[in-house]
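Structures are listed in the sections that come next.
Across the two complexes that follow, chain A remains constant while its partner is chain B and subsequently chain C.
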Partner chain A sequence: MKVIYRLAALLLLVVAGFTARAQGIAGGHITGSFQTDLQMSHADSVIGAQDVDEKLLLNARADILYQNGNFSAGLRFEAYQNPLLGFEPKNLYKGQGLANYFLSYSTDKLTVTAGNFYEQFGSGMILRTYEDRYLGLDNSLLGVNVAFRPVNGVTIKALAGKQRYYWNYADGIVRGLDGEVNLNSVVKSMADSKLRLTFGAGFVSKYEGDETIFQPENPEYKLNLPHNVGAGAARLDMSYGNWTLQTEYARKGQDPSADNDYIYREGEALMVSAGYSQSGFSAQVQAKRVDNMSFRSVRSQSGQMLYINYIPAITKQHTYAFLSLYPYATQTTGEMGMQADVIYSIPKGSLFGGKYGTDLSFNCAVITGLDTTQVGGRGTEGYTSKWLSTGDLYYGDFSVEVAKKLNSKLKLTATYAYQVFNPVVEGHAGSLHHNNVLIADLTWKVNKQHRLRFEAEWLGSDSRYTATSADRRAGDWVMGLVEWNIGRHWFVSASDQYAYNDGIGNYYNLSVGYNHQATRVTVGYGKQREGLLCIGGVCRQVPASNGLTFSLTTSF
Partner chain B sequence: MKRIAIPIFALALMFASCDKIEPDANGNYTVYAGPEIMWSEGSAVADHGHNALVEKYTGPRCSNCPNADAALDAIHESLGSRLVVMSITHYQEEPLAGLDTRTDDGGEWARYFGVSYRPTAMLNRTNVNGQWDLFVGAPAISGIGSSINAVGSEQAKVAIDVTATQTGDSTDITFNVELLADVDYPLNITLAVTEDSLKYPQLTPTGTDPEYSHNHILREVITDLWGVEVTSSASAGKIYQGRIKVALKSVEDVKNAHIVAFATDAATRQVLNCAQCEVE
Partner chain C sequence: MKKIIFTIILSFVAIAGINAQNAKLPDNISLKTLDGQTVQSSVIQNDGRPIIVSFWATWCKPCNLELNTIKEVYEEWQEETGVKLVAISIDDARSSNRVKPHAEGKKWPYEIYLDPNQNMKRAMNVGDIPHTFIIDGNGEIVYQHTTFVDGDEEELIEKVKELLENSEK
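Take a look at the complex of A and B:
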């Protein structure tokens, strides 16, 4: 932490010096944002909520960005006093201080950043550093990042750094190099071509010192660990008229880690996405195969921290409550799957389109494990896998959504979805859950000042709540929600989720909010179900809570 | 050309920074680790008493040493497991004949603690006003019992237990270290092997006993000489378990061997507690 404070002081000095030369801070401008979340919760044995010893929990952050010409500098202050429920381990999160700081200089040809930075190569399969405040995740790199653009259409990135680990930085060193060429910019004859082509390739290497890890059955022998682990990827992004195609293949060297129980099999991943779109219609098909591609800067790390790479999710990111009850968490150690997504707008004036037209959406996704054969345990190749053969079903869903404006004041969205969920993806044993979900979402613009939204959801599942499994998502559920927007400033919402069969729990929530320009204040009271919060296939376990929440966000 | 030379050079460097490990004939990516300790969560130690470690420096040419042996045997008789004895053959004591029980580790300790005379004993490696508290000569060692009793009446800072099982040529040693008080110093654990019933010539006050039975003889230190660190900062109640698998090649007969485990404050070298077990 001392290093952070010293560098923060340096940052302030540099900024001060710079502003003095640039005739004061008026030469640049400062932007920023602030967010604070408070939570109170008390015990509720039915939903499994625990008493909070601190009575009041707080997460807060302030982002400040200073820009002046080619120069920019930023910092982020974070406070967890103590962290909200679900930010575990609590002892590692709690605290406050400067969590992020950087200096950057950018011209047309060059961008140099020193300090904390976020970067992504391609789709992220070999490198993606990012932060998500709701997941409590920040794997930024502290180091140096350089982007060089020698000619229009060519970008070369190079970086080196250490990843943030709560309030410290991990020991592993990450180095990366990436190049991307847009042929339509580089080759003059292709400048106006319908065929748009971009190629890219990257390589990331991490260094980590030795440690002693034994084979359990042979404790006099320790693993001969690679200290430098590399991963490379090549990608293509092309389009022709209404057609698009993106694909990326990544390969990783031997990387024995806690994620794969220290096996030496090399990793690989392939992702293909093809699409077609025209007015009123779009279709996209995605497929991926991931084999042993967990890539972290510390081999012994588990949970969601210290990932160097990111495996994109290809399941639909649902927003309705019962559709997102069983989110799919990407299995970086091995999975394969496909997704198809079709959107069609039935034209206005047609038989089914009516006066205002009708929007239809279809989505279907299937994710399975790999078909593997075990060849050994820790300290061996681990397993072999058949490339096009699938393993156990992990997740499947099909959803159809119809959105129709009924008249000038009413809009109805109706959704049906069918989901199959394998609890093994959350690390639990058990049989497949089969869920049917029906949703009706009606928005009524009462007048210019008032808007009401009604939401009704039903979930029918073959899962059953038992004290042993303690899965409080199980069973059959109904939900109702009313949301009232009053003018531009106020909103009130009330909702209740109730397990009427084979489940347990009654989760009611009431919230009131006020918006003014870039400021939003929300106060809520109710019960939060325990479960997984997933964003982009990356998940955080959220425990049950029962009490008051307060949120304030603003930007300037 | 210069523009692409730098990225190509950088790319070559990057690809070079990727290790490739080759497996052995059995498909294992392992190397011999030597005796290293595997750590895990421990289980509570049943005995929270404060045991005493007496390190007795002797030698086959030390005619007064058998008297010290007899005195310690008598104390041992009354105290049982509260007393652990390691008999260290002084590095200057060449054997009269037969077995040479000097060890490099014992020699290092003797030099470090300034042990010149035989017999000399140390109780828990205690330092008083900058001087190691040595019991020099058989009469002094005979009177060590009251000091051992004083140790036993003190509250222990850590509790230790140790077990050892023999499978083929391999000895599997498991020990638990339970913190009975907060630790804010480097807490080390040392494992050593002693052996009883070793028969080799010994000078006695009355002559030479060619078949003298030597007990508690230090045969080797399994860990580093000054032990391996358990923790340097932890709260009372924390329990550590260590497991190590070794081949006890130094001993004549495993059935007569004991595993001695003792915890020390690595900053002061003081022994905080100890335990020993037979090899089952």
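Take a look at the complex of A and C:
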């Protein structure tokens, strides 16, 4: 017996000593984060909240990273028991387990990752794998990803894998190759040039086996589907002094899919962005044209999953509640548009600048459909489109924001916006909605201990609530919010959104939060609209709910 | 029996030794400069003086409040402590082109990098933003904080000063 004890003690000592040595010498570290969100919701037909049979819904995740010299490894545990409202389809999200794992070796010349990885080529027009925990989105590839940097300024990436699909992996195989050269690093004579130039190009191919899709007009004709679909893109990023220009062009081969109703037209996309900036003033213009560029690893997939590429909306991401009530959703099958941004800081001491200066920002965007002519249905080219000719108006907006520090304690931000919204971008037919939005946001630093924030918003719209449209955003709205930050750790916030004219709904909400270093706990009660919520000094995406919510996040 | 207890205690001490050292700022993560060049995160340096790393985005109001507020006192901070603020934008392709005009229009005096696919964000366990770190002269993460409300900048500079005082001892 004594021998066993001694052996056990020796073993323990050896293990402990070895661990300590390995950790001490190579500097291994474990870091991570943990997050859990709970929801108790009651049905409310007016705001569209559903009844929760389980009484309590929970989303949780834990990320653990281990780093030791050039090696790193990561694990992610996720649990949806049962998934929060808005995570649909519920039965696919439901479950718990290891959702992500990887091993990586990295030096300044080479990074090799095996397991789940996230990667982006250029702006993501042909490939971007990423995750957004609040949208329930994760299209990570499970496979191998290599990045090689032979000389300073040159990066070559190669990857292959299968995409995550809820708790499984899709059948389609994704392979990609990308190269990027920064001329200022590679060409010695350009090292100090005012002209900064970076070129890049990438190619992505997806492989998927056959399936049976018929042509509706000729039910005996089965489509001859391409098993390999390729997409390529080239990009340029340049700046000269205060001027910048970024552009990327992408093309995709024949890719009949559920998104384009199985037509054989090739896809293409072009993005151009130009800007001028100097200290205190900047202007930027961006244009985009997207034609049949939905690219997924499974052709029959719809909804938000299994995209290989990423085509974002170019409209400004608004954060105030009423500015983002009618958000534009990008149309990967076809859209074109422009957006412009101007930011100006009126200097201190000038007529409009006052003692502290004034910040002005201006933004506008117009997005339309393509001008297309139908040439056939499923199994044909589908349609043709005119390059510079626009189709239906999808979305337009214009906003001005003035931010001003009034004195050492008060700051005011005032915003006016006008929006035109076509419900077709959300898949519903209907007439255009026209909205006017006014917002005042005042922060008051009462003293070191107490800080208050007041927000008042108004939205006037010509959309009206009817039983057939059932659009819960319709009508005219007012909103008030008070946020009280106490000391360094606590906040309390109360808000109400109320439809006062031809709309329905009254969204009241009370939240209390505690924050210490990288740990935050928030408890909320009330009716919550889904969307981006910025209270208590942090921004996060929240689902629609009616009842109690609890959230805990921590990083270590 | 005593030996066993002794061994167990010794093991705990040994294991505790692991935690005595703080995690380091990752050095092999790809970031982009505002000129579009890809660089590794090891470029984040401040000659052995502290660094504040702040994760932000153009659309994040509290992040903008944090960086605007610190702008007012940044010169003073630099003179007193030699600290440098590195602002890492997690704007994705939707708004990453806007980062340079945004920062210049607002006269931000910081070193700014783009993390459009959130590689650095994941490597540093950042969830919601703003999320701010203090890195000491050896590249170790000594403090982190999420959220920003007016006045939080004072706590940040206090921590930097504490760090400098402790390192002088």
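As a convention for this text, the second predicted complex is superposed on the first by the 513 of 556 C-alpha atoms of A that agree within 3 Å, B and C clash if a C-alpha of one lies under 4 Å from a C-alpha of the other, contacts with A are read in each partner's own complex, and residues count from 1 in each chain.
Just so we're on the same page, a residue touches a chain if its C-beta (ideal position, glycine included) is under 8 Å from a C-beta of that chain, and two chains touch if they have at least 3 such contacts.
On a predicted model such as this, the values are computed, not experimentally measured, just so you know.
*Asks:* If we overlay the two complexes on their shared chain A, which of chain B and chain C does A:G179 touch? Say first, second, both or neither.
*Replies:* It touches chain B, and chain C stays clear.
*Asks:* Among the partners chain B and chain C, which is in contact with a greater number of residues of chain A?
*Replies:* Higher number of touched chain A residues: C.
*Asks:* Touching A:S282, do we find chain B (first), chain C (second), both, or neither?
*Replies:* In the superposed model, A:S282 contacts chain C only, not chain B.
*Asks:* Would you check which partner chain A:E119 touches, where first means chain B only, second means chain C only, and both and neither mean what they say?
*Replies:* second
*Asks:* When the two structures are overlaid on chain A, which partner does A:N91 contact: first (chain B), second (chain C), both, or neither?
*Replies:* neither
*Asks:* By the touch definition at the top of the document, which applies to A:S300: first (chain B), second (chain C), both, or neither?
*Replies:* A:S300 contacts neither chain B nor chain C.
*Asks:* Taking the superposition as given, does A:T384 touch the first partner, chain B, the second, chain C, both, or neither?
*Replies:* Neither partner.
*Asks:* Please work out whether A:N407 is in contact with chain B alone, chain C alone, both, or neither, and reply first, second, both or neither.
*Replies:* neither
*Asks:* So, A:V375: does it touch chain B (first), chain C (second), both, or neither?
*Replies:* After superposition on chain A, A:V375 lies in contact with chain B alone.
*Asks:* Can you list the residues of chain A that meet both chain B and chain C?
*Replies:* Shared contact residues on chain A (touching chain B in one complex, chain C in the other): none at all.
*Asks:* Would you pull the chain C residues touching chain A in the complex into a rising list?
*Replies:* So the residues of chain C touching chain A come out as 1, 3-4, 7-8, 10-11, 14-15, 17-18, 21-24, 26, 28, 30, 35-38, 40, 42, 58-63, 65, 92-98, 100-102, 104-107, 116-119, 122-131, 143-152, 154-155.
*Asks:* Which residues of chain A touch chain B once you look at their complex with the stated criterion?
*Replies:* Against chain B, the touching part of chain A is residues 150, 156, 158, 175-177, 179, 203, 205, 207, 212, 214-215, 218-230, 232, 253-254, 256, 264, 375-376, 379-381.
*Asks:* Mind listing the chain A positions that touch chain C in their complex?
*Replies:* Interface residues on the chain A side: 5-6, 8-9, 12-13, 15-17, 19-20, 23-24, 27-33, 35, 63, 65, 67, 70, 72, 106-108, 111, 118-120, 123-124, 128, 130, 133, 147, 153, 155, 180, 182, 184-185, 196, 198, 237-239, 244, 246, 273, 275-284, 286, 310, 312-314, 316-319, 341, 343-345, 359, 361, 443, 445, 448, 451, 485, 488, 491, 515, 517-520, 532, 534, 536-540, 553, 555-556.
*Asks:* Would you pull the chain B residues touching chain A in the complex into a rising list?
*Replies:* 3, 7, 10-11, 14-15, 17-21, 23, 27-36, 38, 170, 243-246
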